[in-house]
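Below, subunit A partners subunit B and then partners subunit C, in two separate complexes.
Moving on to the complex of A and B:
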């Protein structure tokens, strides 16, 4: 090799190496693409859900299409009549863009088929949740590492199985599990808690354990799936002062709220307690007047329209609202006839009108006997008929279906402040 | 030109209205409407035109013809332009009323079809009214009040802002009319001008905005004081508001009155006046009461004259008022004062017994409680407090498993009661039977005793359950409704099954564990103790008690 050619070779290397280095540096420094779904904090501290580069308002329903005469054990995912196809069409016509599933069990291929069908055919995305073992008998032992590990395994399996489904929107951990920390619902304890005589301290200890566990789960999910936010499911805002200490890694809260006409000071209170965006993941009204003992679709429509108005008032960009709401998922799509008397199969074929809880915020029928005005089997915005159509109970949209559809088309908020 | 336009439009407005609803065909009705319409359009005096407007509103509202009224108002073009903001306000007010009417009567088709238009009218028309009114114009604060009520009823996000605007406007108004009163000789007019402030305060009170209402009542009361109203008239004003049930305002005016008389009246007369006010607000089964305010006045008496200023009746009244306000510790101190100062008082047995109960079941000091029961136990005859004290002493001994001593007290009770069947007699019989049969004390009662006296239940502070009786001084055999309300941690959609363990002096009732309330009567006079232990799925959750005096 002549010195000249050597020089030429050196010259080539001299020219090529920096380009290569630059390319390597560029590739290393280039930001990874934005997650498919993420929450953006705006300059005014409002929160906005971004899905595939576009702002997304969650206009959703809780979905559990149990047919008449079946109960919660029914595997609707594998129903050959595919109820979600009929439902998806109706949902799309109404303007629904999201369904919420409380927990997915059983055949993962069947679950994927539902998620894909809804997404591909109707553009409807799915929120997947987990009860976090809340219904384990005798109670959820959140203070027990073995129990925690079992739940963790189930949750991470769910995330691994479905995270690559294009229709998945986010994960919700738990539902109203926080009430168990207060000791009145599904109460659980541990040796350490039992040693503490002060009930208030006991509650604080339980909350610390529970919210730390949810935080731990969130971190684990983030490690394997950076494309979808993780929500903390919570009954009301109860206990969120503890979440603020122990569950800082969750991306948002998904609250279950039944406050009647609206949500009161919910959004601002959340901002002060635990400044995270919120999905109102369960709200609505039943359509049975327990006082007059008859169906009242208008009553349900009245509450739902008013609730949606407040959800819209508190979305990002509305300067008079809290700007932390991402949308809501109405409870629920169809009635569930099995709910009132779960242990009696005969009653699953009867649309039961007996109420077993009271809520004064739903004031039209609060004068019902014993003030019990909430009818668990009548929350659907779509009624089920005993007649079959395409192999499933015929769907009959209620007034709320149409009223909310119209509101979504033209959301009017009446928020002009008179400045003078 | 202007006049011509009015005359042209006015019949058209009426005709349009006729076309909208055939109800106007009633000729008398139409005539009234026409006259009032003319009055609004042609009157040069705003107050008179406003008056006509209000009359017109009444005639339409009585038939719930809100839309027709709004259509009519929109077609009115008054000569006097100062009427225009009133028209806007009445349009908004009618829409607000219409909204309420539709909700109440479930006029849902119209509600859903026109709701947004009506909401828009309320916001837009109040906006117009606000644009056109000065700071000292009452219409301005009425408009603010309306927009606040609208948002409050909607329970929407804008309620807070609307309340803040309402308060600012009302304070600006108060300032403006205050300045007007200072410069002009129109004191009487200034007093009249303060009425809108009171109306706003009344409305805020009805919406449970107590602090804000109080702030405005103070301004209203100050307005009265700044005028030349005499002390006697001021007192009458306060008494008038008390009679009307507006206790907040009555208290504000009494406060001003007290401030005034404190400077002029001699001590004894001042104390006598204060005692009268305190008595009016103290606990009573019927009539208006505010036990906190009564105690505030009692404290004022104490500040002025010391405890010596209290006579026997006033001490008893103060103690009883505190007791009914569930301020048991303070009540016990006042009862002790009565025992010390007036050992011969007609109330002595009652307050001694109650002191024993408070020591035992509130302060968890059975030893101290026994001392007071012991003082009564030896009283002659079938004195109800003596019998009840013997029962309490027996009960405490039975709970301590000293059955022989307990039996002695119960037997003494039966002997003293001369076998007259009373509530206390019956309970003593029940306890003796338990001892004789070697069974444990009745479960509810034992649980109540345990939770009241055992150290491990010291955390139960009676805060999670409140007991209430519809009357606290029933006559013998008069029905009494006793109810409990719980203040437990929220549980969302979960229905928490609670158990109610009622015990002690339940009269002739035997309420079950699922009953949060019951009705009873008592056979004999005396102080009755109602005990309750609340059980939730996590176990014993709270205890509480209440005292009822059968007279």
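Moving on to the complex of A and C:
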């Protein structure tokens, strides 16, 4: 290399380096692109879910495809017959675009395979959740730092494992854990709470601890994954006045609502209590008439159509609604035959018709003995047959499957119907 | 020729139709006079403390029209230990919906009757049209009340416009309670009839003005909702709606004794105040309380320290659900009267059938609990 050429080389370097540095600075300073999934607040204060630059209505189902004769411990993720392939096709035909998984356990490769298969084959996205240790024994101690750290580790592991899966839609933290703050389900306490004599103050102390913990988890998730919203799972709207103080960082709430044909004042009430968008993450109706003691698919279809109508009336852009609903995930895709008598394996092969609980909102069969009208094993919009097809229980869509499919194709809302 | 025939035929068909239209009855009498030919329905359905009722259906002392009216004497002695009594006019007599009967009263738009008290101040809790259930249920259930009678004849109207009157077996009825008439009541009813008044429009639910009481005093006509929704261990509850033990305001308050004995094995108990009585969301009724911003009440424990898990308004879910609900609790009661407030700002109280509710349990009251409530009202 001659001195001249060397000088020319230096000259090139001196001319290029500042440009490169400038480019690097520019790139570093440039705002990052929009997250893949985010919630947009519109000018009219309505909320809209945006997925890959497009508005997205969550038309979902809660998914837990436990076959007849198995219980909740069954590892369906590793089922060689891949039930989600058959289900995914049926879901796509119906118009479902989302499934909700309460919690993912076990082999992460198997979980990823399910998420990918559903997304790549059918365009169905997955909501991943965590119970936040709610069903562990002994009952959860959200006031205990060790317990909190254990749950936090599990949640962050889940997020790290699946955040880069293109089919993931969002995270849901908890389900109806808020009831434990009231002491009605899985009650917990701490020394400090026990010292407080006023039960209302005790409730407030538990709520502060729980919702602050969820907020802390949300912030941690946001640090490692800015592409997916984080939802606070909640039973009804109970306790959300505390969430308004202590869980401001959650992106939305995901509520379990069983109010029969109407959600009542749910959407407007939420706006006043805790102004966040809502996913109705668990709702629906069973299809067994506990009074007449026979399957009644019309009853289930009636409730589900009415519920979806109200969800649509409260989506962004509907001026007569609250504009804070992002959609819903029906409880549930298939029946679960193990639920009534969980500790008795013989009963997992029997479609039990004994009701477990009472809910007057589902009034068709409220005159059943003891007013127990809710049949936990009959909530599927798709029935399971004992006959096998492609190695799994044959799927038999119920009337609700078709009624909701038609509603989604052409949603006719009450305000529009009334104008006719 | 054929055209003339068609016109003639058309006329011949239309004339009877026109005639029928003109013949549509304008009224349908329940009671005019003792032996009036066009009386319908029989006052056979005696309810509650039926032993407390005496009826004279040919009272000649100052009828509104004609020669007789119906005189009722309600003694309020609680002979059947119910605390209330009433009479339904039925067709046929004693038909509680177990046999076919009734009338198709389509076209009628109101029921009118005249009534007066012997002294004035007598209170009728409810006047009913329809509402009998059973195998052959009435096609509608309409109620008005409470009504405070005067000592002179006065006409009252039940609006039936827009109601399905295709099958009415319970043509007319009244009920009242000991609480409303602690000394009993003597009153007269006359000229009960259904009428076709085409100008009458269906009644729309009006927004109630505030304050709107659930309970003021035992005999107050301001009271609304009935403490009929006993829940859980209902056998553990003793309800006294007219105790004079140190009321907060007025001459009486509510005393509730919960003994915690788990009579039905539930371990908890409570009472819902409903409209109408026993409405768990199966009857389209209730009140429009849209103007309310809070519900207030006064409460105290017999000893202090009694724990009530929930005080609630709204929240009944059924075919006709309450439009919203709000709750406070758990509350530990003081021995002294204390005011409690349920905040209703932002709540949709446009449709309320569950006016008020309390519930508690044996876990937190192993020895039971006796407590008092007064001045329950929406503001």
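Keep this in mind: the second predicted complex is superposed on the first by the 386 of 420 C-alpha atoms of A that agree within 3 Å, B and C clash if a C-alpha of one lies under 4 Å from a C-alpha of the other, contacts with A are read in each partner's own complex, and residues count from 1 in each chain.
We take it that a contact is a pair of C-beta atoms (placed from the backbone, for glycine too) under 8 Å apart; a residue touches a chain by one contact, two chains touch by 3 or more.
A quick note: this is a predicted structure, and the numbers were derived from the prediction, not measured.
Novice: Looking at the combined model built on subunit A, do subunit B and subunit C fit side by side or clash?
Specialist: Subunit B and subunit C clash in the superposed model.
Novice: Touch test for A:310: subunit B only (first), subunit C only (second), both, or neither?
Specialist: In the superposition, A:310 contacts subunit B only.
Novice: First (subunit B), second (subunit C), both or neither: which does A:366 touch?
Specialist: In the superposition, A:366 contacts subunit C only.
Novice: Of the partners subunit B and subunit C, which touch A:198 in the superposed model: first, second, both, neither?
Specialist: After superposition on chain A, A:198 lies in contact with both partners, subunit B and subunit C.
Novice: For A:277, decide between first (touching subunit B), second (touching subunit C), both and neither.
Specialist: After superposition on chain A, A:277 lies in contact with neither partner.
Novice: Going by the contact rule set out at the top, does A:267 touch subunit B (first), subunit C (second), both, or neither?
Specialist: Touch status of A:267: first partner only.
Novice: Could you say whether A:133 touches subunit B, subunit C, both of them, or neither, answering first, second, both or neither?
Specialist: After superposing on A, A:133 lies clear of both subunit B and subunit C.
Novice: On the superposed three-chain arrangement, identify whether subunit B or subunit C touches more subunit A residues.
Specialist: B
Novice: Given 151-159, 223-231 or 331-339, which one is the stretch of subunit B whose C-alpha atoms run into subunit C?
Specialist: Clashing stretch: 331-339.
Novice: Shared contact residues on subunit A, subunit B side and subunit C side combined as an intersection?
Specialist: Looking at subunit A, the two contact sets intersect at 197-199, 203, 260-262, 264.
Novice: Considering only the defined contacts, which subunit A positions touch subunit B in the complex?
Specialist: Subunit A reaches subunit B through residues 176, 179, 182-185, 187, 197-199, 203, 235-236, 238, 256, 258, 260-262, 264, 267, 298-299, 301-302, 305-306, 309-310, 313-314, 318, 320-322, 356-357, 374, 399, 403, 406, 410, 412, 414-418, 420.
Novice: What residues on subunit B touch subunit A, complex-wise?
Specialist: Going through subunit B, the ones touching subunit A are 103, 106, 108, 111-112, 115-116, 119-120, 122-124, 126-127, 130-131, 143, 147, 154-158, 161, 165, 456, 459, 488-496, 536-538.
Novice: Going by the contact rule at the top, pick out the subunit C residues touching subunit A in the complex.
Specialist: Residues of subunit C touching subunit A: 280-282, 307, 316-319, 321-324, 328-332, 345-348.
Novice: For subunit A, which residues count as touching subunit C in their complex?
Specialist: Contacts found on subunit A: 197-200, 203, 259-262, 264-265, 268-269, 272-273, 359-361, 363, 366.
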